[in-house]
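There are two complexes below, and they share chain A, which is joined by chain B in the first and by chain C in the second.
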Partner chain A sequence: MNMTDALATAPLPPAPRRNASSASWRLTDRLGLAFAWFLGVLFCVITAGLVLYLFVQGIRYLRPSMLVTNPTAGFNENQTGGFFDPLLDTVVIAVMSMAIAVPVGIAIAVWLSEFGRPAALARVVESTIEMLAGTPSILLALFGTLLFEAPWLGFLSRTSGHVVFGRSFFGAAAMLSLLALPLVVSSVRTGLQAIPSHVREASYAVGKTKTTTTRRVLLPAARPSVLTGSMLGLGRVIGDTAIVLLLLGNTPTNDPSGSLPILSFLRGTGSTLTSYVFYNAPTGDGDQPGKAYAAAFVLLLMMLALNVGVDIVGRRGRELRWNS
Partner chain B sequence: MEFLTPPPVRRLSGTTGSPGAHSNGNGNGNGNGHGNHKPAFVGLRPRVTPATIAIDRMQVEDLSVDYGRKRAVSEVSLPIRQGEVLALIGPSGCGKTTLLRSLNRLTELTKTATSQGRVTLDGIDTATIEPTALRRRVTMVFQQPNPFPMSVFDNVAYVLREQASRRPKKRVLQGAVEEALARAGLLDEVAADLDHPALRLSGGQQQRLCIARALAANPEVLLLDEPCSALDPRSTQVIEDLIVKLREDVAVVIVTHNLQQASRVADYVAFMYLGELVEYAGAPQLFSAPREQRTKDYVSGAFG
Partner chain C sequence: MDVDDDVLIDSEAPVDRDRRAELMLGALVCVVVGLVLAMFVFVLHEGWPSFAHNGWHWFGAGGDVDNQINAIYTSGENAAHAVYTFHAWPLIWSTILIVGGAVVIAFVCSLFVAVFIVEFAPGWMRAMLEPVVRLLAMVPSVVYGLLGVLVLVPFINNDLISEQSKASVTPIVTLDGYSLLAAVVILAVMIAPLMIAIFVNGLRAVPRGWLEGSLALGVNPWRTVWKVGVRTARPALVAGTVLATARGIGEAVMLSMVSGSVGFAPNLSDGIVFVFEPSRPLAATIIDNIDALTSPPMRHTLYAIGAVLLFSAAMLSLAGWAAKQPMRRYGVVA
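Let's look at the complex of A and B:
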């Protein structure tokens, strides 16, 4: 379940005007229209079916106690506990990734949209971001495992002797932030470009610098876009499995490394809801489908909440605008 | 603002100075501070009474502006005086907006723009003034109302504060903000909701807020780029009355497509065509007895 699937549940575009009866259309056009309608409805039915199925299964298997107990080893559903640590780690990983992706994304978007010089560098950055948006997350995960096993990054994860384990919250969050980055950049950039140029000039025309204008006028005006981009990025981070599997260690419960209170947690390994579902799916090592459905249901609820959030923010952003 | 030398003060000859009957038909109740200088409407051609004093503020000397290879403004010279409203008229693309924007060096934001010649402000070449300092002394209002996405109060306070600073605090600025809003004739309407988002105001109020913002910096020159073209007739009249009132304290330059508007508010009119300044004259003369044939054609509606 990722963001694009969830977005597809948005309402259908308005039906063509009935009174402009399609009966007068050419046969091929009418067939085309019918086909488009068929596909649209089919897509909605599939998505609705998916969501409903997960809802039903989730409600069937989810017990409140699962939210506060940790996974344990066991042979049946009664023994394997809940998913408190995966839930906690999902939140931790999301916060860490967004703490990197949002500031960096805003900075890149502002630079691209407002400064963008030298132009050649701007073009390179632009296509890099586009390429990043199209990179499968497993490639980022693979790159991350190689990168964070480097000896000079040993302080970010568990080490034994000269061997760097390379799996930790730091590594996973860093790579996950790369997933969110393109979404943040493109959303903020679109928001900035939607601001008419005379608004910028009005700020320059009372003696303000470009930096001041960006900080006090443009970024506040683009706030809905910043929020939308962040939420879309957050959705990708929460929904990703590959990077978590490879870089977070995929231990069912948290396994801290070291003795410093918070740092040991972040240097250690764990799992998120997605990797928990992966582990407990009928094809996974755990094979506890009930637990997988329960966790997937929680994940789905988080995603739906995010989608509603994106929708509300986007709607509010359209309220107050200038004429161009 | 302090000057090295006091700007020359000049009495205009032939001013009657007598306030005419002002047919204030729509009863806009705000700001009657300058009762003596209400516009006197005479016949079909409403005219304002000339101001009693004129102070030289800016001098444009042989100014040419090019965008790449295209010449937008060609060797224009004219004076800009406090106490008078100068209207720049001419067909689209004749360089009047470019001329306006080069007065506070906003043209420099266009990468391809280059300029020759000189513009002085109180005797000092504007090229030697820091752009941000210049733009606080020569502020501008745009065609589209463009309040910033913040409260009414903060829109004005933004100008009063040092760059991106949030200081001085609100209560320190209260007086200055209200004064600027009062000068723009907006205070009575928004006094109760200074904390509301500025973008919720009506179009005419937004434009007056933009004028208040431009006035808050206490500029010597106010540039208006077709300030009424996005507004309804009633808001237009409010703003025109305001412009006439403001000329006492600040030199006003207005670009307009609307010849009636130019004749209503301007003391002097500059007619531009293809980048050249064709004719610069007092408004009554330019509209009733233009010297140049091109001016005559434009004013009588033959082209443009």
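Let's look at the complex of A and C:
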């Protein structure tokens, strides 16, 4: 796990500059190096190809009107409308799940790095988080379905009689936050552990409690890693499809439940950009590839923005180095 | 808001507040652990009837798996005559082939790229590769799936499969580009970034002196990296591979789009045509049948599939976590 996290926060050691003439090497070694170059370039080409292709298709199919109109039933691309609701739902879902994942993630990271007693529990927690990171999102979706169909959680979704429908923004956001949680935890934890202990001791020495030290000294210092973790988690939340398909009901437009203004929206069902793409791909029921390309383009723009954000934060985090 | 506690004198003993904070955080941590444990229990419990009816034959071969799924689904209307017969081997075989193929390809590529990034890439190349790898890891699986369906699958169908090979398997299965090959290639691209990141971490943690020692003996840099660096980083290689495997096993959306979604076990004896045959892995089966959750026997069957996935993924994650532990000796927290 924490792959991207590692890439984002690990400071670069200065490049080892050898007198790197490979002319004297054996042929096999030179071929190996050539292969490494080839693969490195290949990865760049694949990414560039992917981004450029989606840009071309996105510009070809995306119309500004799509951003403000809702999906409608229709037989061709002119009739099927846009994706205002999926876009809105993506934002709502992202905000809701990050509102859970970030505080909980920070709390777990603080507990692991600052308290961590008893040690046995700490190891259990560590491996649980690792397991959660490796849990396929489809499993979280299945688990969420079971959980939110429970009668005592019925107030969170649509109910008819005694049957709880179990699909709502609440359920989807709760499960998606579990998806983002490991990324937040590992990033914040790495950030906290990078703070040398003399910083903590200095704070204790002026009479601050552990709680105060954590809140006033450690967490502010670890802010870049909090941001990085949140953005990586956000990327996973926005990019996930399985949980949305199962737990958000996957209705093309929002279908509120009840009469209370905001609560009915959140108790209702909807779809996000990812499930919209899934629905409109040739393998889905909608089969409107143009619409799918347009939505995929918007998704890619979001990911690019997050990627740039991680880069900027990572660079700023690098400036703030403890000289120890 | 922040004009409180630490300003002057606290009204209560500071130690008490620390205790309380520790307890509250500890309770929260326990809740999350409990939730994850509950997931195992719930999913296994819900899937148990399917295992109970089939025993070990659940994992075996026998019959057409798509017909079985149909029978299970339709039997849901009549609770008294619920059918549970299910032999998942074609789906398991498909999972093994796709994930295995993707992991092998991704492992080789990732190892070379990681070595390249850590030791040989010039600064500008490295500055380019890092965001590239991170972006590849961030692209949603549904976007990979879409590109697979609209670009790779037609390419395979039009340019790689000859009419001859289509004819050779016609009575058994239709070749239309949705294939093992497409699934393996895209899955490899999806899991490679995960591997690269862990490999890079491991290689960076190799003590500089060991490499310098080898160089001082006159071994060229390329050999040094492979004989000293890569060997030392073996735990990271194992961890990365295992974690990537777990990710591959759980990948549902992309595979349901490009794998062909046919309950067919690709047949090795078909020769090279075999890579063009469609199939459907376990995770994709769940995604394809989410509307069938309303039928109780089908629901139990799908949760049984989920339980298998959950346990394999959890075991792999734990193995990866355990494999990473030796790296801590060199001071890496990967």
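The definition used in the following text is that the second predicted complex is superposed on the first by the 305 of 324 C-alpha atoms of A that agree within 3 Å, B and C clash if a C-alpha of one lies under 4 Å from a C-alpha of the other, contacts with A are read in each partner's own complex, and residues count from 1 in each chain.
One rule holds for everything that comes next: contacts are C-beta pairs under 8 Å (C-beta built on N, C-alpha and C of every residue); 3 or more make two chains touch, one makes a residue touch a chain.
These figures come from a predicted structure and were not determined experimentally.
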Per the contact definition in the header, classify A:Arg216: touching chain B only (first), chain C only (second), both, or neither. both
Thinking of the overlay built on chain A, is A:Arg60 touched by chain B (first), by chain C (second), by both, or by neither? neither
Looking at A:Arg123 after the superposition, I want to know if it touches chain B, chain C, both of them or none. Which is it: first, second, both, neither? neither
For A:Pro282 in the superposed arrangement: first (chain B), second (chain C), both or neither? second
State whether chain B or chain C is in contact with more residues of chain A in the superposed arrangement. C
Check the residue A:Arg315 against both partner chains and state whether it touches chain B (first), chain C (second), both, or neither. neither
Quick check for you: in the superposed arrangement, does A:Thr190 touch first (chain B), second (chain C), both or neither? second
Would you sort A:Lys208 into first (chain B), second (chain C), both or neither based on which partner it touches? both
Chain B/chain C common contact set on chain A: 208-209, 211-212, 216
Interface residues, chain C side, partner chain A - complex: 5-6, 10, 14-15, 17-18, 21-22, 25-26, 28-30, 32-33, 35-39, 42-43, 46, 109, 112-113, 115-117, 119-123, 125-126, 128-143, 145-147, 149-151, 189, 192-198, 200-201, 204, 215, 220-223, 226, 243, 246-247, 249-253, 256-257, 261, 283, 286-287, 290, 293, 302-303, 306, 309-310, 313-314, 316-318, 320-321, 333-334
Of chain A, residues touching chain B in the complex: 196, 198-199, 201-209, 211-212, 215-217, 220-221, 320-324
What residues of chain A sit close enough to touch chain C in their complex? 1-4, 6-8, 10, 12-13, 15-16, 18, 20, 22, 24-26, 29-30, 32-33, 35-37, 39-40, 42-44, 46-47, 50-51, 53-54, 104, 107-108, 110-112, 115, 117, 121, 124-140, 142-143, 145-147, 178, 181, 190, 193, 208-212, 214, 216, 232, 235, 238-242, 245-246, 274-275, 277-278, 281-283, 289, 292-293, 296, 299-300, 303-304, 306-307, 310-311
Where on chain B does chain A make contact in their complex? 104, 106, 109, 131-136, 139-140, 142-146, 148-150, 158-159, 163-164, 197, 199-200, 210, 213-214, 216-217, 223, 230
